[in-house]
Amino acid sequence: MHSLILVPRFYETDAFGHINNTVVAGWFETGRATVFEVFAEPDDAKKMPLILARIEVDFVAQIYYGTNVEIRTWIDSIGNSSFHVCQEAWQSGACVARGRAVQVYFDHATQRSAPLPQDKREKLEGLALKSGQ
Amino acid sequence: MHSLILVPRFYETDAFGHINNTVVAGWFETGRATVFEVFAEPDDAKKMPLILARIEVDFVAQIYYGTNVEIRTWIDSIGNSSFHVCQEAWQSGACVARGRAVQVYFDHATQRSAPLPQDKREKLEGLALKSGQ
Amino acid sequence: MHSLILVPRFYETDAFGHINNTVVAGWFETGRATVFEVFAEPDDAKKMPLILARIEVDFVAQIYYGTNVEIRTWIDSIGNSSFHVCQEAWQSGACVARGRAVQVYFDHATQRSAPLPQDKREKLEGLALKSGQ
Amino acid sequence: MHSLILVPRFYETDAFGHINNTVVAGWFETGRATVFEVFAEPDDAKKMPLILARIEVDFVAQIYYGTNVEIRTWIDSIGNSSFHVCQEAWQSGACVARGRAVQVYFDHATQRSAPLPQDKREKLEGLALKSGQ
């Protein structure tokens, strides 16, 4: 499991007085950077052989400005050409949001999905443990 | 069905050269304004008796800067205290993203979900037709 | 003068209950699309021979969710290799924010600023009238 | 001087392949949290007796995804009812953006600016040193 600490930003609040729901989709993308690094250098995004097929987010509790948030990220299942990334946002000792992202290994040359190479699969397996909670 | 035309903004692109995936969650929230108006005046967000429990987004095709996007919004199912909002983003004649949002009718006084009042239910039913496509 | 109508989005509000100040920088970029089109096709951003050197924004009045905003954009002064874009945001008949952006014509090959070509200069002059107010 | 380390987020890039300019306005707001804390608790934004009158940002160099950014924040000048916040963004040992924000002490009851109270003024003076660079 990968852990990232984020400081909520004031512009991420909305008129309800809490962090806006749509912001969480961006936080979870930020947490998935640890997955992206398996596939490409950060300064070479154009070569990233991954596309995002689907996201799901469950909003469990209000998220507040003024208190840090931990984004937990791990790999849940690895298929032939795709894998699922599970994520949770924690604040003040409680899980406040849960997410799942379906990422597909993609060959930009053929514009099709492709089987995950063995070396990438092994690195993803290294991110597959949800532990320490 | 409600239709909203959005002009993609340059800052909504990312280093892949397309509209960033996480932006779509915000566009779909914007499309749901037609649902929010059933429950509260736009300038009185604090009184909105709705919470967002879950979102799902399927990314169907790349979304490009420079061409308008239509956000289509309709109500898919109405339960006792919650309802599902379905959404699609269309660009250049193709559906490029699909979404679903689970909204819960919420009593801020008791901090619990509550049955949808009959008048709200009827207004939601007026948004329930997916037609004209 | 170029005019663009924007619908404020709920996620653009903040805990003060109004549109967040930092959002206006994004709206003004969106209004400058009419300037960007002088220099490159929207789908070819990488070739845009412009860099943004500076922005200034004066926040004149609160901006509210629930009411459209008009972004007015015109060219204020054209120098040898740079020009100033003036902008205003209007809501409910009042100017709520004013901005200025300094754009520099930039040669990506030499990585230096360069004199504005005559055809670009003439197109910019066509955007230089602040009228009809 | 106050220092904040930010991790650039992928959705903050744009089609040029760098961090989008308008994002910097949000980063600088985030850096000013240290100033906001002088005036109100983070969970009590509605009572914050400050309004933002103006921002200026100079874009000095490209900002890249994949490398941390330091936001430096200090108070430049303190007037009767307003003060200037200076800010810089640093990446890889270079200053990549400079900003200035004009904040006004504001009495929400009278809807007017008001003289800075002595205790707030003293706390601001504690943030007034630009040092260690």
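For reference, chains read A, B, C and D in written order, and residue numbers begin at 1 within each chain.
Definition applied: a contact is a pair of C-beta atoms (placed from the backbone, for glycine too) under 8 Å apart; a residue touches a chain by one contact, two chains touch by 3 or more.
Everything numeric here is computed off the predicted structure, so don't read it as measured data.
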item: Cα-superposition angle relating the copies chain B and chain A, to nearest 5°; value: 180
item: Per Cα centroids, the chain farthest from chain A; value: C
item: Same or different residue numbers at the chain C/chain D copy interface, by half rule; value: same
item: Centroid spacing, where centroids are CA-atom means, of chain C and chain D in whole angstrom; value: 22
item: Length of the line joining the C-alpha centres of chain B and chain C, rounded to whole Å; value: 29
item: Per-residue overlap in chain B, given as positions that touch at least 2 other chains; value: 10-11, 13-15, 17, 21-22, 26, 29, 45-46, 65
item: Residues of chain B defined as touching chain D within the complex; value: 10-11, 13-15, 17-18, 20-23, 65
item: Of all residues in chain D, those that touch chain C in their complex; value: 14-17, 20-22, 25-26, 29, 45-46, 48, 51-59
item: Partner chain C, residues of chain B touching it in the complex; value: 4, 7, 9-11, 13, 17, 26, 29-30, 33, 36, 41-43, 45-46, 64-67
